[in-house]
């Protein structure tokens, strides 16, 4: 942050900066349902995504670089997701893992399920499957790494800024969940 | 001749030593971090980093560092801004100062420095009270920890800081007692002197208890598993580091690994015969020291892979009920031996 | 007298139990054993598979993606209607074809225009594959189609058809299963392939087709007479007699 | 510190450093009193004690200097902060004032006066020879010969404190 969001670095510096981000993706594990099991499986001995530089389970959102939303996001849980996302420092990436988080999946007609996490947070990679195999997550991570390797941070921030008013939870559209507004800040204090 | 003049200038030598110590301070923790990644992975039947830097992921921690400098620097709204930003420095500076006094080898045979024979050798600085320096300076880190925990305005941070302080208060005592028993046996407080005194036998052999006490207390001071309650990531989300992002968090991590290296080095100097080797005396002293530091650091990683976290009350009980009495008895025994023989 | 390996391990286990149950030593033993376990694991080779470099060896029936064999599809819409997620989109039109014989009515045929599956929504239940009456849909283990754009997860006919390449050949049948190419003619097959299959066939319950070919139940005269004697109407007596005949035959067969 | 410094120079380097650290200690000491936040006050105390330790180091008393840091910074202030954070250490601007400035001023002025007087009286005429390295063994020898009585008295005091702590802790 600081310089990186304002300046377009020349090629060698940009390559090194991108390389660092590419191979150091600390994961904030947002496991919500059955997909979380596959996500955990991807971090265990058999698939072991530390190989790719994805350090599993960052201690908290403040140290994370990547948010993997795995499972059914309900409207009740949506504010928590939004909050975790906001706590992650930029530059941050989101992987939507599985049909439910992609767009509701089997719960496409449910009254309580958020139809896609991209309504709440900007998503960088969608991994299809119900649930996807651990390898599918690895493939999604490879896609993300490929994108990080090519991207320019300045453009990343510009795109993020442009996309920022897009999510539903701005003050103009109060979505009522569980008897209260998502933007209700009173939940923040205890 | 120019080299002779260069090395006879004490300031030039000191600057050179400082640079060497600084490089060691920056590289050793990175190397240890990589070894921890790989060691933990293989102890869990995994491979660990493989892609960063292509060859077995050797550049994983460099990638982490490059990433840390790009991350957004968040200071929470409710935080005490100045203290929050100062805390990582307070933690890392004492740790880096400890590296200054680690002796890696014996004093040079021919020494031309005007400051005297004590000035040249494989160490940054030879203090007369080296061991006291180490113990005093490493105790300062906990102030940084308390500052970080309190200033973050986060309950997890505060709990972590309080746990850390409680742990330090409990384990500083056995640590100092175990170390002072060695100082008594060697008859000097200088780390170089203690290293020299182990020419005949390593100090670990007469009383292995104090070595074990020292290692346990060091683990507790470093908040390493199985004594990582202050940073327990599964309960209090990394304790005092909860709110730290980017390079500040990186500094905390660096200080943790630098702490492992430095305390391992001190343990090697105090107990494991410093630069004195066995069987193969032609291997130079500094390599012996490095090898022993590596072995002890690996033990720290090994313990992390093996044991679960203790409970807070078990930790306190262990310090006050077992370690301190044993350390006191040990001092008494050392004293008796010193007087009798 | 050397002990067998089992005996030796049992003895060691017993000794271990003895040590572990001691109060002070037991704890120490536990600590040391823990260290030895991690060290031994470290010295063994890791079990990790290196995905991007080594492709996973997936079972044939892995539900990775659904492929479409376009020429088999008759646009019956069964899959689309049965899909719990409504994630299959089918468009078609009717093609009018000239009659086969002059003067006959013109024939119509459904032509598939669009067949798309929204994999963002799909729950991979496989109902579409099951209900397809013409074997147009197949499971394929292919899973590498994550994307950065949600709309591209709706895959059209051409992609679905391409995925047919990933569909593995059907797994070999189990022992004793009927040869699908000779369906219906199993009873006539002159020479069974091997003795084992023969044995399996004789033990297996009769196939459904065979049961259909059995002679129709007849009326058991004794039972009929008994029912009439009890004063039951003719209809009921015939039914009871048929039931009795079937029971008798079953008894004779077993 | 500096091998070039010689006795007899008008202003020697150690004197400069003593002055600097003394000023740091004094300013921080004022900050301890004036701070409205308990934790800030405690952290200023760290600076005071650290500067005092540094003065010892400059004057060649290495052992005393590091002991000062080990005991006061590493243990006492940590304990103080620990106690503060366990009880009441609010983050933010909470005014901490006990409205007894007059009494406090008189007390501290009296303490300052007494200490200055005593120290000046006892050591005012002495000169420190910085060329002599203060060896740890010398400190030990003088502690156990010349100052044995105060040493033992302090030990008894600490023992009393220890016993008191145990009694308090066991009371529940």
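Going by the order they are written in, the chains are A, B, C and D; count residues from 1 in each one.
Everything below uses one rule, namely that a contact is a pair of C-beta atoms (placed from the backbone, for glycine too) under 8 Å apart; a residue touches a chain by one contact, two chains touch by 3 or more.
Just so it is clear, the model here is predicted, and its values are computed rather than measured.
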item	value
Relative to chain C, chain with the most remote C-alpha centre	D
Centre distance in Å when chain B and chain D are each reduced to the mean of their C-alpha atoms	27
Centre distance in Å when chain A and chain B are each reduced to the mean of their C-alpha atoms	37
CA centroid of chain A to CA centroid of chain D, Å	52
Junction residues of chain A, two or more chains touched	45, 48, 51-52
Junction residues of chain B - those touching two or more other chains	41, 44-47, 50
Chain D residues counted as touching two or more neighbouring chains	none
Pairs of chains in contact (touch as defined earlier), listed by label	A-B, A-C, B-C, B-D
Sites on chain A touched by chain C in the complex	45-48, 51-52, 99, 102-106, 108, 116, 118, 123-130, 132-133, 135-136, 138-140, 142-143, 147
In the complex with chain B, residue positions of chain D that touch it	3, 39-40, 43, 46, 62-63, 66-67, 69-70, 73-75, 77-79, 81-82, 85-86, 89, 91-92, 133, 135-136
In the complex, chain B residues that touch chain C	39, 41-47, 50, 302-303, 305-307
Partner chain B, residues of chain C touching it in the complex	31, 34-35, 37-39, 41-42, 44, 46-48, 50
Touching residues (chain side chain B, partner chain D) in the complex	10, 78-80, 83, 114-115, 127-129, 132-133, 135-137, 139-140, 142-143, 146-147, 149-151, 153, 158, 161-162, 165-166, 168-169, 172, 176, 189
